[in-house]
Amino acid sequence: LEQKKRGLEDRNALRNGARGFAQQVLAGAPKLYSKHTSQTARFEATRPIYRNAVEGGLIKGQIPTELGGTSNNLIDAAIVIEEFFAVEPSAALTILGTGLGLTPLILAGSAVQHDTFLKPFLSGDGEPLAAFVHSEPGGTANWLEKGAPGLQTTAWKDGNEWVVNGEKLWTTNSGGWGQRGADLQCVVCRQSPPNIPQDPNSDPVSNILILIVTGEEIANNEPSAYTVVSDPELVGYISTNGPHSRFTNFRVPSANLLCPPGRGAQTVEQTFGCSAALVGAMSVGIMRAAFEAALKFCKADARGGTVPIIKKQSVADKLIDIKMRVEAARALTWKALSTLENGPCGWENKLEIALEAKIWCSDQAPKAVVDAMSIVGMKSYDKDLPFSRLLEDAVCLPLFDGGNIGVRRRQLERIFQKEDYEPWAATYT
Amino acid sequence: LEQKKRGLEDRNALRNGARGFAQQVLAGAPKLYSKHTSQTARFEATRPIYRNAVEGGLIKGQIPTELGGTSNNLIDAAIVIEEFFAVEPSAALTILGTGLGLTPLILAGSAVQHDTFLKPFLSGDGEPLAAFVHSEPGGTANWLEKGAPGLQTTAWKDGNEWVVNGEKLWTTNSGGWGQRGADLQCVVCRQSPPNIPQDPNSDPVSNILILIVTGEEIANNEPSAYTVVSDPELVGYISTNGPHSRFTNFRVPSANLLCPPGRGAQTVEQTFGCSAALVGAMSVGIMRAAFEAALKFCKADARGGTVPIIKKQSVADKLIDIKMRVEAARALTWKALSTLENGPCGWENKLEIALEAKIWCSDQAPKAVVDAMSIVGMKSYDKDLPFSRLLEDAVCLPLFDGGNIGVRRRQLERIFQKEDYEPWAATYT
Amino acid sequence: LEQKKRGLEDRNALRNGARGFAQQVLAGAPKLYSKHTSQTARFEATRPIYRNAVEGGLIKGQIPTELGGTSNNLIDAAIVIEEFFAVEPSAALTILGTGLGLTPLILAGSAVQHDTFLKPFLSGDGEPLAAFVHSEPGGTANWLEKGAPGLQTTAWKDGNEWVVNGEKLWTTNSGGWGQRGADLQCVVCRQSPPNIPQDPNSDPVSNILILIVTGEEIANNEPSAYTVVSDPELVGYISTNGPHSRFTNFRVPSANLLCPPGRGAQTVEQTFGCSAALVGAMSVGIMRAAFEAALKFCKADARGGTVPIIKKQSVADKLIDIKMRVEAARALTWKALSTLENGPCGWENKLEIALEAKIWCSDQAPKAVVDAMSIVGMKSYDKDLPFSRLLEDAVCLPLFDGGNIGVRRRQLERIFQKEDYEPWAATYT
Amino acid sequence: LEQKKRGLEDRNALRNGARGFAQQVLAGAPKLYSKHTSQTARFEATRPIYRNAVEGGLIKGQIPTELGGTSNNLIDAAIVIEEFFAVEPSAALTILGTGLGLTPLILAGSAVQHDTFLKPFLSGDGEPLAAFVHSEPGGTANWLEKGAPGLQTTAWKDGNEWVVNGEKLWTTNSGGWGQRGADLQCVVCRQSPPNIPQDPNSDPVSNILILIVTGEEIANNEPSAYTVVSDPELVGYISTNGPHSRFTNFRVPSANLLCPPGRGAQTVEQTFGCSAALVGAMSVGIMRAAFEAALKFCKADARGGTVPIIKKQSVADKLIDIKMRVEAARALTWKALSTLENGPCGWENKLEIALEAKIWCSDQAPKAVVDAMSIVGMKSYDKDLPFSRLLEDAVCLPLFDGGNIGVRRRQLERIFQKEDYEPWAATYT
């Protein structure tokens, strides 16, 4: 019990810290970036915020204690993410993008690779960015479909080096400050010489590999070997960096091979398994902000009537609808995270509940914001209120980190189809 | 950790026990009752099942250890309820109705009352029934509205006795075996002589009291003082007992006063707060059964095509929709129960999350069953499959235990309206 | 304008007639059938109702004027169906089942076949039943999938006769009074000797044929050649006849060939195209009844409060939700029917809008009933109120007449996929 | 029949004309306005578009033929609006705002007023703007609630003039080109001296009046008597004009009194009754555009797989969901409009179906866009695709023209509550 109480106190301290950072630092981001009219310029404008995050231990905080970081458990991560997303999802995503970028390294790296590549992110200095570089312009939902073209970024072993060719898109942070590449990119590739179609009889999984590309490699290649083609303008997350980038005969030393061919897909799946459940926390953050803003309005304003509109059942009912979804989403997310980390069940059961948290929570977010607007009424359509911004960020949640329809439901259906699928294992074993 | 593992093992043992009882005992109930064409006859037919439940410790299991029972915590209760409702909600409800009937006594009883009245339920013998007797024919959603007629069952102190008049409806178990009243009824009354309208200026709460009526009192009164008018035929839960009953100058000794005027409403609220979250577990049980039945069908049957229908995305998508709601519902229910029991937050925050679990989970249940039917297709419309039965039981969940619209949302809106309402206190304090 | 007014008056007369029949005749059906405990017995009990329908011109009214009937247009049919389904869907379906059973004959019959086979249905005498006999125990969603087993009822030309083998299920009216077969069955078969698997390289469409089986053929075959195996007990429509039936070397003269191999599938599609839109009208009828029952309750009852519950916004909002869906459903259904009949667009555009009416309207019906129950509250769970019966009938609508998921959406997706698909042709050409 | 065919041809011609204007003129608007960073500047930038609309007869086309215009019927209006909203809702709204602004005049004006005030709008010259000026900063949902503060814009008869005081907000076009007021404003006022609270015992309806304010009146008053305080930045419709405006002792000659006290509210209701159903057409336009964009993408793109994604059931199902709602919405809207115009039923039944079209259709629009995004996937989040713009415009539809929750559902519930309410009168009488 004593321990339980301590646990709660620690958690409250963590949450208060995160809330403080959100309100004091992140909340200032829009003032820095919103005057700029290009995605690139807005991203660059957040550099001081990011430095602040590094100094505040938020990068180190995404690396496990075993590897020198301060990350204790995933629910702590969810608490921090919720606080950040309730305030300023865009600047927050840049910070979290580094955590995602390091995840394949954390999961699959050798001791030497951990030592070498995590160092700048443990230092508490500078503005080191990491990126998980998987998505491509033509879509990645079917990257492992047998008989399909397969991943379009290829890597080919040439002596002691891998030669990378192909294009990536939307990969958070990968462009780096100044568009010269992130400090660390985990680049997912298909083993193949360039311009050779994937063999329709091969199992695509067998050729997936992951390479680590750092600023050093970029410096050691020709400038034209790595280029940022463009920074697409996004609907929300308008200060993030997710460029259209191109590798052309880009050479990577073999020591930077994180996952050899045949081992990369599993690391991608694991990386995305963890991020899936964390998207649940992002969804909670946004829905919660919508709820709080609507609640405040409905308590304060009578819209020309005799009582504040919260006294109207129609208004209360919608507030209730939103609130219930926030609570269900948070409960599901935390359950998924605690199962992922501590569940005695197998990996597929862990992945299952993480996928369910991702899909369900993210699908609720746009609905919750639209519902919040419906009760605030016309006022919610004013740019000065937070609702349109929340909506713009919310609609991304079902789409990114593996689109719900193209990627996440497909993963889940494969699990359901297994002969030995046990539906309640994530809870009961 | 060791402790955690032990916790998990205990829970698995509990679940396995509950599952065994459900499959070996409860599952046999329909064979006993479904041939009968009246609600009364079906109820009587389940008497052997109930005896079995008593012997199996399921009544004692609903009384806290402090009072001589074996109930440890509410999540254990949820586990048992889920297992029961996944198999046979109707016979299960009779068992749980006794738990509900004892709750006001457990919460508000004096030591002497605990001693006296719990005894038959701790004995492990016979088929003692308890009932929580609140609902009335004209509706109870507005029983505490100032200026409204108020509760129609009145009690008036006459010397050392209370004299009760009025009618009740749908109160589980209250009719008792043989229609001569449950072994124990907690009867909620309005303090007033009969046939006197409620004073529109009084606060209805100030007059709510609860009396304990046992078989002894019924025996000591005229036969006509307590009568079962009828047993309404229900859509589902067709073996339960929830009669239209009538008290006519029914006399109760003052030692049986559980809550004096002004204290009854709070006990009603607490009793319904706890049951609210447990309705979440009932909802999970029914949705889970629908999911399992649909999953099995979709894996086994190709409906004349080349592959089992689970291989079709449309089918998988609906299975996923159902599964996510089951997981979200279970997570929310457990969170509500653990907050109710251990949350450091105040009562209203506890009640809030319990209400949210009740409303949200119960509203999902009918949808989940209809969705399950949609993928099984025409076959689901066959009486031999479980779907219609599940639907009949599912549609009750939003209606009973305080209808979601008339009662539960109204409780929640009052909480939201409070000036010092803290939306996340159930999680964060 | 004058014409328009006359049109409206005619329509009102038609509606009043249908309403009269529904309230005076159909409404009496449950009293006749509900005491019986088997589907067969309940069906037989409705025979007087059916005779009444024949005498009232309701069978003739489903045959076009060109062929000697009195059917003018499909919107008239929708008006009648809505009135019937608002009162007693089960007995109504038996009447409509004959209309469906005659549709393939009407659409594809030769002049001689029209003369011969329609006669008993034009006579206004007796209780002649017709049946459209397509569905099979193993499912029919994939009956035209190349490479799949195909339809399991086969027909093989032997001299001047066709020899039929196989089983059918759920085909309304096909069992006939006394279980000796309907007066007319349009039996959909696959051309093949029995027990020969379908050639995986053939196009299943090329072998679909339809045979007309009348009482005469049944009399001319061995008793064992046509048998009713069982009458499955249904959740709703509990007085309809949709047996599991079996043909064993059943011989049909070649004059009874309605559609030769290769032409049957198209007639099935057309038959189901028309019925699709009429399911819209059934859905409207049921939702309307739910709305009316809820409206009446909410206006009359205060549930212990100071005002009728319709004065509560929560209650009004749900009534509004239901009402809007009824209106949208009726508008969509009528549009589909008028396009089917008079649209200048092509068949696929007509089919498209009919499918949309079927899927959308039928999916709304169970939701509307559940919503209606939610505002009436606990009372709606009483067997004496109409809600459970409405729900039981409503949940069938998405499942039968081509399940929405297995059949109807798949038809629609094939239309969308066409290169020359024009989305708005049903409205704008 | 011949007539019917002609009707169809006329309608196609109308639609083609509207489509042509949309694609050739309206589609060019964003190029004119989107570079500007203030709502005011964007509005001014559309002036050439508006002039083009005047010349193209689009203003005259919103005035009935009886009054010298060319408007034939409301379904024609719906066809035009659908085409416009499918292409460029923002510039379209400015054109339609003038139609709305003229509606009170058309409905309630005397012959002299029609002659005088419609002239500039019939001329086909210039860029005359009209505005319906009802909404106020503090909300208008409760403007007729007895005991509430009431409308905050007051008018007081002083000799031969009315003196107006108060503020308006969001009233389309009212600011006029150059922020000096629209050419015609129908200003809804409460009869009262300024700064006198509304008498809690009066019926607010009895004091509502409408005044016509033209450029002439503005010129005749002090500059400070009419001012544009600000142009709020909106989420969508970013080129429209809906300023925060202020009247200070603004004098209007009594000849400009359109509705005397006690008659204004009814004209407001009628104006909003008609616009309600037309919001249905706006919703259809936006949903249709979302459908078409998603359909095109899904047919063309395989996202790295072997077949275009429309071949996936999950994708097809969502397309179907959207398509059905478009068709239901269009059917409901047209039904409402034809009932409004030609229905033999009474006004309240007409209003009822118009309200249902407004609420239902507008609520579908945001959902349809979010669904469309879900199948296009990540690409839909790119600013180059139309989805975010469609969403921004879609979320306004439930909020403006009488918010669904605060205004429209409340109107509907009052109709339902009437004793003589006949639910199906809009269809059947």
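Chains: A, B, C and D, in written order; residue numbering restarts at 1 for each.
What we mean here is this: a residue touches a chain if its C-beta (ideal position, glycine included) is under 8 Å from a C-beta of that chain, and two chains touch if they have at least 3 such contacts.
In this text, all values refer to a predicted model and were calculated from it rather than measured experimentally.
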Pair of chains joined by more contacts [C-beta pairs], A-D or A-B: A-D
Farthest-lying chain, centroid of Cα atoms versus that of subunit A: C
Euclidean distance of C-alpha centroids - subunit A vs subunit D, Å: 40
For subunit A, residues that touch 2 or more chains besides their own: 313-314, 317, 409
Complex contacts: residues of subunit D adjacent to subunit C: 4-5, 8, 12, 15, 288, 291-292, 295, 299, 310-311, 313, 316-317, 319-320, 323-325, 327-332, 334-335, 342, 344, 353, 356, 359-360, 409-410, 412-413, 416-417, 423-424, 426-429
Complex interface listing, subunit A residues touching subunit D: 135-136, 138-143, 145, 147-152, 170, 232-236, 301-306, 309, 314-315, 318, 366-367, 370, 373-375, 377-384, 387-388, 391-392, 395-396, 398-400, 403-406, 409
Complex contact set, residues of subunit D against subunit B: 312-314, 317
